[in-house]
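I have placed the structure first, in the form of structure tokens, so that the comments after it can refer back to it.
We call the chains A, B, C and D, going by the order they appear; numbering starts again at 1 in every chain.
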Amino acid sequence: MLLAHLPALVIVIPLICAPLCVLLRGKDWAFIVALLATWASFACSVLLTIQVMKVGTISYAMGGWAPPYGIEIRLDALNVFILLIVSGIGSVVAPYARNSLLLEHIEERAYMFYCAYLLCLCGLMGVAVTGDAFNLFVFLEISSLSSYVLIALGSDRRALTAAYQYLVMGTIGATFIVIAVGLLYQATGTLNMADIANRLPEAGYTNRTVIAAFAFMVIGAGLKIAIFPLHQWLPNAYTYAPNIVSAFLAATATKVSVYILLRFVFSVFGVEFSFVSLPTAIPLLVLAVLAMFLPSIVACFQTNVKRVLAYSSVAQIGYMVLGLGFVSVAGLTASILHLFNHALMKGALFLVLGAVFYRIGSCNIDRMAGLAKQMPWTMAAFVGGGLSLIGVPLTAGFISKWYLILAALEKGWWYIVVLIVVSSLIAVVYVFRVIEAAYFRDAPDDLVNVAEAPISLLAPAWILVFANFYFGVETSISVGIAERAAQSLMGAG
Amino acid sequence: MDTQDFIALAMLLPLIGTVMIWMSGPRPNQREVVTVVTAILTFLCVLQVLPPVLAGENPTLIIANILPGLQFAFVVEPLGMMFALIASFLWIVTSFYAIGYMRGHNEPNQTRFYMCFAIAISSAIAVAFSGNMLTLFIAYEVLTLSTYPLVTHNQDEEAKRAGRTYLGILLTSSIGLLLVAILWTWYAAGTLDFTKGGILKGKIDDGLVIVMLFLYMYGIGKAALMPIHRWLPAAMVAPTPVSALLHAVAVVKAGVFTVLKVIIYIFGADFLTETGASVWLMYVAGATVLLASLVALTKDNLKARLAYSTVSQLSYVVLAGALATSFSLVGGAMHIVMHAFGKITLFFCAGAIMVASHKTEISQMRGLGWRMPFTFAAFLLGALSVIGLPPLGGSWSKWYIALGAADAEQLIFIAVLMISSLLNVAYLIPVFARGFFGPRDEERAQIADTHHHDHDHKSADHAAYGSRIVEAPLFCVVPLWVTALGCVALFLYADRLYAMLEPIVK
Amino acid sequence: MNGPKHTSASSSSGEKQSWLDDTQNIDKIFWGVIFLSVILMLLEPFYYKKPYFSFEGSFGFYGWFSFLACAGLVLVARSLGRVFERGEEYYDADRNSGEDNR
Amino acid sequence: MLWGIPPGLLLILGVLLVPLLPGAWRKAYMTILPLAGLWALAGAETGVFYTFTFFTYEIAPVRIDGLSLVFGYIFHIAAILSVVFAWHNNDTVEQMAGLAYAGSGIGAVFAGDLITLFIYWEAMATTSVFLIWARRSDSAFRAGMRYLIIQVGSGVLLLSGAILMAHQTGSVAFDKMTLGNLATWLILIAFGIKCAFPFFHNWLPDAYPEASVTGTVFLSAFTTKCAVYVLARGFPGTELLIYVGAAMAAFPLFYAAIENDLRRVLAYSLNNQLGFMVVGVGVGSALAINGVAAHAFAHILYKSLLFMAMGAVLYRVGTVKASELGGLHKSMPLTTIFCIIGAASISTPLFAGFIAKSLTLSAAAKDGYPVIWLILMFASAGVFLVSGVKIVYFAFFANDGGKRCKEAPLNMQIAMGLTAILCVVIGVYSPWLYSLLPNDVAYEPYTLSHVINQLQTLIFSALAFALLIRFKFYPPAVNSIYLDFDITYRKWLPVLYKWIVSLVSPGWKSMLQDLRNGLHRMVAYMFRHHGPEGILARTWPTGSMALWVALLLGGFLLIYYS
């Protein structure tokens, strides 16, 4: 009965396949294994999603040990949604790897990449599925460590320093999380998240240990999420990582971290504790608003388009945190929806940049001038992703903003509405800077005869662009799941 | 095929045309044949939708459910029908004109030009057919974006600066204000469908109606209400066919069309008049009418003058909307048509002058009329229509807007309309009159010698000017006469237009 | 009537002289007008007048009224003219040629 | 009606053929067209024709009755005479404009509703302006623009009135109106502008002298008389008009007396004659309306004749400034004679004006307006002086300016001759004109007292002129213009506008500049902090990143524990 073990399979498959890549060594074999593994986990995720949507929360005891003693895999709407994002992006990005890596001079170590990639995937999905707090930390570390490796693979020398910084900061974040878990264990005597949630009220809302655990958890997760001003590791990491890694991490890693925050703040600690007894909402909202603006403006002045997107990511995280800070079903829906949509748009844009880099060896805005003539499909994909990033209707980005603004209106916070709108306008500026260069400027002399990117790079990018439009028009799936997840987080579902 | 298919086809055909234009890029003749054929087919498709609309139906086409209760949908009602008809019809005319103009001017990047043009028309038709505010918003934005490459067509510094102004104002206003208004409407009313009588009545506070109206009216930047009109004169750096069809018809009319749609189907005319929320808008629109005309008076560049004239004329429609009586609304809708034909004629003429003689400033055009009599005569017809004089279409729309002002007991706006007519005379007629009656600079000296002494000086002048007719290419002159005669036809058949539009207020 | 005096001197000798070129003839016309006026006044008692207004019936009303009216008109106009007179270029003074369109 | 085409429209549509015909054929065609129209009209029945519904309005394009017929006839006659006068002219635009203008005037006279009236009203404005521009001088262009704006202004007032009328009554019928609401006031002012009411009159002496030689002849006939007609139709018996008319009859004479440009003198005296007609409309009795119609009829003829004569002088000499003319009777004897006939026709017995004007005068007298009657008497003496004696004297006699030229072209002579004959015939055989008048009123102009009184008036006017000239009281003709009310919009308004602009403009510009500077400063400021080298975009050392983590954690804990 394979279906019953799906929750385990989804993480076990990449976990097993990762060493297999190393064993096989050959870059083509490793590629095939990695590809199959990601696609298999994606298939599992899809099946799981269907199951969860049909029957509700699934609980799966690892090795047959019943919770709270054994390790529990627990899947509700939010979990499967994250799972879907991670494995979905993973499987779109994986086929891209072959060509993208070629140029970045690491083909002889390709198997290492695939191994790290699979481990990272495994770790991220593990975080998403586990019901155990400590386990969550373990999976987080798996993903983090492998992502340091992935980033360090970047062809630019600065990738190493970036990876190092990421390592340091990531470790601090992870440490904070493990401290929080430890404190929670001290207060409640359990590591199962559902159990912790049950026992916390007994420990009391004024318990200093619990409060400290909460603070550590928020900051730790915030660091991994790259909440402003804890985002400093992110621009370099995304900029200097290999393009495929940027795409993958931008679309998944921060999303999983947001999941951690959501899970702990809403499910484990509970709304009552997190927001009613503690004044968490206001600081988060302030940070979110700052994040919506300052990095956006920074993005407007950047010359490296990857860096533009990196800063834009920080800004977009602001939206997610903003929705979270509303502490309402609508806000959370917006937040979770944006998690998903942002994965789509950023994934698409970074893949496009990968294709650009593949042909012209740079992502500098001046080097990209006039590129639309030579690489029309690539730049068209950029426009598609960019429109979604701005939040133009019929794209996914619009839907998340729509819900975000509705949530703000529901609260009656019209000034937040104004801020959201204004920050979207800043997005218009940085996206259009690139489009303007690519479409309305003349190409540099040495770049007049650039060929269109190969189909293996274009196809994944276009799949994501298409997804951006699809989920901008047909929203029942994404909004449906996000709404359910939000309801369950708020304790209504 | 039923009506739904034609609705879809009307919007799809230009897009298909875009692709075909792209593919035939290296072969100009084929490319332009594709453009013209697409334009004609598109118009025929739009025409197919007309009979059911005249019969009182509202053909509907639902593409997708974006959100629960919010569809990406197209519903054709008379107002939209009218807008789609003029946009698609004038596209045919403009296509021919563009061939003459673009070739006459040896413009670069013509393929991109024709492509973007087709996309813009497609989105204009989509604006016309939109079934709810969100669909309209989407089409509206596509229209903005697709015309940006046309504005920056020259790719020089001036064009880029203009492009930034263009995009800056239009996107900022639409995202910053219009979108907020739409969201608010959705939040308050739970729907965005265009519904007769409006959807907001009783849904929002009376006091907030003003705020909402403000968001909508300044959100619709394409209506060019002062002080956010700057993008329109800026857009004049575009090639003249663009100025003609897009910045006299499709784009700007999409703006005022949206204004009417919002007032009729979102707010509801009754709701607006009950709350008195639109009084400020009347004054702003009235001020725009007059101020823009005063600015137009000072412009020596013909296209700039026409641009400000457009700003002024657009506010007629906004004013009509703000008055929100049944007469004024129909009058406003009629004005969209009337002004479209009048102003496109004027722009065509400006372009023809540019092609034939490379003159852009009015002060350079003295005596030019003798060399380009057909162009200048058509200019007169267009100008008279814009002024609102019989026997040209513009007089009827003015009649109904003014009648609406009388109905709304806002007599001052009748005065505004009439003063505006006089200002229109003052800035439009000299272009024509100078062309015919002022002696050309270089021939002045010669005339000065013969004047008053040579008893047959009249005929001598005539010979001097008349013998050297240097008209624009036929591709330019024929279209501008088509639209000029259209102005006359609109005068004679205005009652049919009225009958078609009347259901929007019944 | 001082005109002809000057012109007779300046006009070309070959031209046919008009009857009016002779100053004496002008004087004849002048006296002729006066003569006619007197005659018309003398007619006053010899016809029946049906006046609408009393003043209309006064002696030679049409004559003297017209005379006064015309003399008054010209004299008033003359003094008004001094006030309102301007050079022919008055309205064009501040116009720089060519640029304006009004 | 000819081929089912309404009068007026016949000429307008007929114009479209004009540019297609070659020279001589064209002239024949242009002459025959109004003749045909006249012939068709002569056989027309009274009634309302071609009615139809447009929108919701009942449109009555043709209403033929006594009043409209008189004006219809004379407009056709004027059109024929003007065309003949313009035979020598080959300017296609002018030819077309002239005929179309005549057609519009005729159309307006037969309009049975306000919409039709408005259409022809504006058509008159737009077609007639070409006759001014046809002079093709800079000043003609400007005068034409002023003229057009004022004429269109009258049109839009009429439109506003019609709109308000339609709003109040739902009907746009054009019948007798009473003042009392905004609609009728607007319509009255609209009519008043075209009728050159005081303060609205400047377009007339401004534009007519600037028009082309033949253009002025056309112009003098239609616009103002059409306005008189609509006043007689819409506002008969409106007392206000009596006073307005009296003022109109009097004040232009002062300008006419001193003006240098003889066509301007004629324009002012035209204005004065309109005053008579307006008084007649104001009196409104059957006799008065008859007087109005008869006066308009006669006035069109003799004023045309005078303008033709001046036109011929302008055509031959190149100027009509009194200061530069004189002695032309030697060069242009026939023209001189025609001009004298025109001057005589103003009010001399046996000429057209005599039998027409006395109707109005006696109507005013009968209804008991002594002061008005005196003013009219003054005006009628004065107009003979300035538009009769003065014109003839300064142009053809006076100080011989030494100008020698050919006699007027044959076609002009024919036109003037025909007009002169008409003036005389009508004056000699009064029943003919009287039979055309709308009302049946028995009136006998040729009574002994009337003739003697009129002769007294004329001769004493001439006497006054002779004395004034002889004793050098008459202001000498000098090159100058005289300020009129148009200084308000030709001088003061532009000055005011410039002043306001000079006040507002710097502030506006500096505001824009400030805005631009502010924007630049803002961007620069942002660049300082957000630019690639700014604090927010720089790569921070790991240590300071960690510091921020600590700070934030501390901050959160502080908030939570406090």
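Just so it is clear, a contact is a pair of C-beta atoms (placed from the backbone, for glycine too) under 8 Å apart; a residue touches a chain by one contact, two chains touch by 3 or more.
Since we're looking at a predicted model, the values are computed, not measured.
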Quiz item: Among the chains, which is located farthest from subunit B on the basis of C-alpha centroids?
Solution: C
Quiz item: Whose Cα centre is nearest the centre of all Cα atoms in view?
Solution: B
Quiz item: CA centre of subunit A versus CA centre of subunit B: separation in Å?
Solution: 46
Quiz prompt | Inter-chain centre distance, subunit B versus subunit C - centres from mean C-alpha coordinates, in Å | solution = 61
Self-check item: Length of the line joining the C-alpha centres of subunit B and subunit D, rounded to whole Å
Solution: 35
Quiz item: Where the centres are mean C-alpha positions, what is the separation of subunit A from subunit D, in Å?
Solution: 79
Self-check item: subunit A, residues touching no fewer than two other chains
Solution: none
Self-check item: Multi-chain contact residues (two or more partners), subunit D
Solution: 138, 145
Quiz item: In subunit B, what residues contact two or more other chains?
Solution: 426, 430, 434
Exercise. Please name which positions on subunit C make contact with subunit D in the complex.
Key: 1-4, 6-7, 10-11, 15-16, 18, 20, 29-30, 33-34, 36-37, 40-41, 43, 47-50, 52-53, 55, 60-67, 69-71, 73-78, 80-81, 84-88, 90-92, 97, 102
Practice problem: Provide the residue numbers of subunit B that touch subunit D in the complex, in ascending order. | Solution: 384, 387-391, 395, 398-399, 402-403, 406-407, 411, 414-415, 417-418, 421-422, 425-426, 429-430, 433-434, 436-439, 452-453, 455, 458-459, 461-462, 494-495, 498
Quiz item: Residues of subunit B touching subunit A in their complex?
Solution: 63-68, 72, 134, 137-138, 141, 149, 152, 155, 160, 163, 167, 171-172, 175-176, 179-180, 183-184, 186-187
Practice problem: Name, in rising order, each residue of subunit A that touches subunit D in their complex. | Solution: 164-165, 168-169, 172-173, 176, 208, 211-212, 214-216, 218-219, 222-223, 229-230, 232-233, 235-236, 278-279, 283, 294-295, 297-298, 300-303, 311
Practice problem: Using the touch definition up top, name the residues of subunit A that touch subunit B in the complex. | Solution: 390-394, 399, 402, 405-406, 409-410, 417-418, 421-422, 424-425, 428, 432, 436, 439-440, 472-476, 479
